[in-house]
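Going in written order, the chains are labelled A, B and C, and every chain counts its residues from 1.
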Amino acid sequence: MNNLLKQVFRSSRFTIGFVIFIIMFITIIFYPLFVRDDPLAMIGGLFNKPGTYISVSDVLNTDYIDLKIDTSAAKLKSISIEDRQSMADWLVKFGNIKKSEININDIAALVKLWNENYSAAAAQTGLLYAEKQQYIRLNNQINKLINSGDQYIATKDDNGQLVEKDPVSPRAFVNSKDIINKKTFVLGTDNFGRDVLTELVAATGTSLKIGLVAGTIATFIGLLLGLLAGYVGGTLDDFILFITNLFTVIPSFILLVLISFSVGQSARGVMLTASIIGLTSWPWTARSVRSQVISLRNRDHVNLSKLSGHSLHKIIFTDILPYVASYVVMAFILQISSGILSEAQLSMLGLGPATTKVSTLGLMMNWAMQYKAPIAGAWWAFLPVILAITLISFSLNLMNTGLDQVFNPQLRD
Amino acid sequence: MGKIILKVNNLNTKYITRQRENIFAVNDVSLEIEEGKSLGIAGESGCGKSTLALSLMGYYFAPLHYISGDIIIDGKNISGMKPDDVRKQILGNEIAYIPQSAMNALNPTQKIISLIEDVIHAHNPKAAKKDIYDLAKERFELLGLPSEVLQKHPVELSGGMKQRTVIAISTILSPKVLIADEPSSALDVTSQKMVIKMLKSLMQKGLIKSMIFITHELPLLYNVTDDIMVMYAGQIVEKGTAREMVFDPMHPYSKGLMGSIIVPEAGSKNRKLIAIPGTPPNLKHPPEGCRFAERCRYVKPECKMNGVPLKKFGEGRMYRCICSIEELKEAYGDE
Amino acid sequence: MKGYKKYYTKKIIWYVITLVIAVILNFLLPRLMPGDPVSAIAARTAVGMTSQTAIQKVYEDYVKAFGIDKPIYVQFFNYITNALKGNFGVSFIYYPRTVSDILARSIWWTVCLQLPAIIVGWLLGNILGAVAAYIKGAWDKAVLPVFLFLSNMPAFGMAIILQFFFAVYLKWFPASLGYGYDMIPNLSLKFIGSIIYHYQLPFWSIVLITIGGQAIGMRSMSIYELNADYVKYSRFLGIKDRKIVKYVFRNAMLPQITGLALSLGTMVGGALVAEMIFSYPGLGTTLLSAITGRDYPVISACTLIITIMVLIANLIVEILYGFIDPRIKAAQQE
């Protein structure tokens, strides 16, 4: 046993897969111990960007320090290339500036030229109304950015009158450590304003559970049918083989859709979804177990057992199972990853677990797609989920090929 | 004395494993075969006899690597030739190979005739298909194989038929030397007999000029070949005529090897069957001295000191032992 | 030829039986569920409908479509006769369009997208896998993990990433639909151009997903074949390495063809979800909107048609395989 483990871990593929999987597993277990928030609490808004959100009120009530930093220059850099280009176009067309004098990479100079020349009232022949309006908006935006005057904050006094507090200079800074109320969304928020990272960790856990349940069911059915077909043979074998072939050819995806839809939304919980997936994905395991058992059936040790009058279950448990164990483990690993994938696909069709109590990777994807996250540019709502699914499946498959190399040395290249 | 067809001088080859270790599987092998003669090579599994067969082809690919030595076929040294020239001019034309197991030696998705076409085209790209078919048909019939085999796929042939087909394909270009690596070990007795008969008739009909036959079954060699060479741990330990080697082996290892078999000759019933204890040395780190020393019953302290050269005695016989013939005879006489 | 005939007759009979069972499953599964599924489905469909006449209409449609009051074998008989006539009833959400009308359009989009994509992906994957096995060394070591990673990415994941990167971020290709939203299908160059333009992302996402798995399979098959005895023997016969490599890849390819037949169902499932991502006007999108709209007649017809398509594709692959692998013919003649 020890020797076998050593051999297995000598395969670099298995080890890499195992390490990735264990890291994910540890994260699922320990992350909730450190971040005790409810993973489904809706604390943010629709697709908030990743980052730290600081309470504005806290900022105002914290003591400022003036830093000698030109804050407006940094802000000007946020003007996009497209806007800079259209500024340059306007200046060339209506501001009588030569093209050679304009460098859109030097934003300070460009803004200076803009302020000297731009006038909303200028005759802008050839521009549509909408385009004129756009330039006015752009101008306002620029003015807002370069406004270096003090800003005032007012509070209401006892009489309900607004009272100005001290002016806030553009160079006023507060130390972020002094701010008590802040929230970091490492991966932003989803469409419901839930913290994607916390949700993702919880969802990965649920999906893994689905994979495990589906994999266990599929492996159990597949193993049972494969053993029966391979060992008993005859008509039973023909029959099981026929059923197995049938369900390999009929797309399991279609069966999943049909069953999930028919079961109905109210009944479709996480465990039921997992069971349905397990019930439709056993043919692969049955197939490979059967062919293994057939090759074992006439080995000497099995014949010896038969001649010694051992009972069927004793032969199966002591003479057959140990020899197919490696294949069963490999098939189980693959079943877990395909179960996770099936759940995701089902959920994307809206046939996943109908629950609001837990999240799964598939449901996260489904919501992200329903709220058009890719079109909205909210990459944080779907990329981490895809990555999580891929990584789980990648690590499990690496382990599988690693085991394959150990048990089928012919593939060792 | 006939013309020498194959001469090998001090051939050394090695395997390089995936762990980049060297295994020196063929060590300083020299041999000669005259026209019309056959040589048997015997030894335990893993003694390097199959590797020797591969090495004699003069065409090396991973994991087997050439180190040094000459292979001279009919006066032509092929060791210095470019691999592609060896492939085009030597393989099949001058020297041919029959693999250990014919079961998987043929490409399963190709008809036999198509493989023969590929073989002939590899040496003569301009050969017409019609001519190739005629040649193949004629040759198959000459060797007693039905010509229908040509149109079949390997799966459609029985084991014995497959092996005979392989022999016919290997010798289709009438090579001067045929190297047969345990061509009959995997077959049943009847098929074995047919294969041996076929090999003998190849020699008789002059389709091949000489043959090296490799096997671990000594009685077979006694019946098939003129001379026998015994290999141990990558080296030749003794060489002589088949009769001499079976009835009068000199080297302690040959003695043990012959002692462990039953020769179907009068008087053999009274012989004792003796197994040789121990296992051959690891060829990653071959021992300094005599390679058989660890297992030898007559070992002396000086055996493990230095390498032992091959010594000649009698009429063209050779052996590799520090003891003189007299000492050995005396030792064996005790029994 | 005799061997072939036997092989093909056997195969065709098997597929016909499979088809029959698939049809039965398609009919039976929704009816086997606990409770009164038909009324449940009808009730669910009616949720949110305010007009009494519309609800009435839904119930009537269901009664007609399912023949609820009749025994199950009569229902099945009706179902089969209707299916054979291509009559799958009327869609609920696109009322009064018939289901066959809706599907007749989307089928072609799906076939024209998935068939070429899977074939191209399969071919590219096999070539890359064979090359990786042949070259070995650093290239193989670098490329293999990429293939492995690719093959483990779900099809919809690849679709979304391509959509986000090439359509939303780089704006090189449109993010969704099968042709420009402002266009009416016709045979003009502009329309065909628009179709090709919209085709790229869905096509390449299916191709990329297919490549990964195929390349890995081909690589290990090729390594296995490269170590086969016939390779060594052929070398000693003086046959050129290039020719031997041809033998090897041909032989390694054969299990890949059977593998394709076996995994076609899974592939099509993934590709359908990829279609949905791009709102491509094929069966995937139709299925999604049917599921969202609880449009049972469309769902049932969709699943049936997809199954039939996969079965036909499988049969074609197996027929081709019989021609390519001589062992099939030999096995039949024994």
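FYI, contacts are C-beta pairs under 8 Å (C-beta built on N, C-alpha and C of every residue); 3 or more make two chains touch, one makes a residue touch a chain.
What you are looking at is a predicted structure, and each value in this text was computed from that prediction instead of being measured.
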The remaining chains, chain C excluded, cluster as A | B
Comparing A-C with B-C, the busier interface by C-beta pairs is A-C
Taking each chain's mean CA coordinate, chain A and chain B are separated, in whole Å, by 63
Whole-angstrom distance, CA centroid of chain B to CA centroid of chain C, is 55
So, in whole Å, the Cα centroid of chain A is separated from that of chain C by 25
Shared-interface residues of chain A (touching two or more other chains) are none
Chain C touches at least 2 other chains through residues none
Residue ranges of chain B touching at least 2 other chains are none
Seen from chain A, its contact residues with chain C in the complex are 245-246, 248-255, 257-259, 261-265, 337, 341, 344-345, 348-351, 365, 369, 374-375, 377, 379, 382-383, 386, 389-390, 393-394, 397-398, 401, 410-411, 413
Counting only contacts in the complex, chain B reaches chain C at residues 57, 59, 61, 87-88, 90-93, 96-97, 99, 101, 103-111, 115, 118-119, 122-123, 153, 155-156, 166, 169-170
The chain C residues in contact with chain A across the complex are 14-15, 18, 21-22, 25-26, 29-30, 32-33, 35, 37, 40, 44, 133, 136, 148-149, 151-154, 156-157, 160-161, 163-164, 167-169, 175, 216, 220, 223-224, 227, 262, 264-266, 268-270, 272-273, 276-277, 287-288, 291-292, 299, 303, 306-307, 310-311, 314
Within the complex, chain B is touched by chain C residues 228-230, 232-240, 243, 247, 250-251, 254, 325-327, 330-331, 333
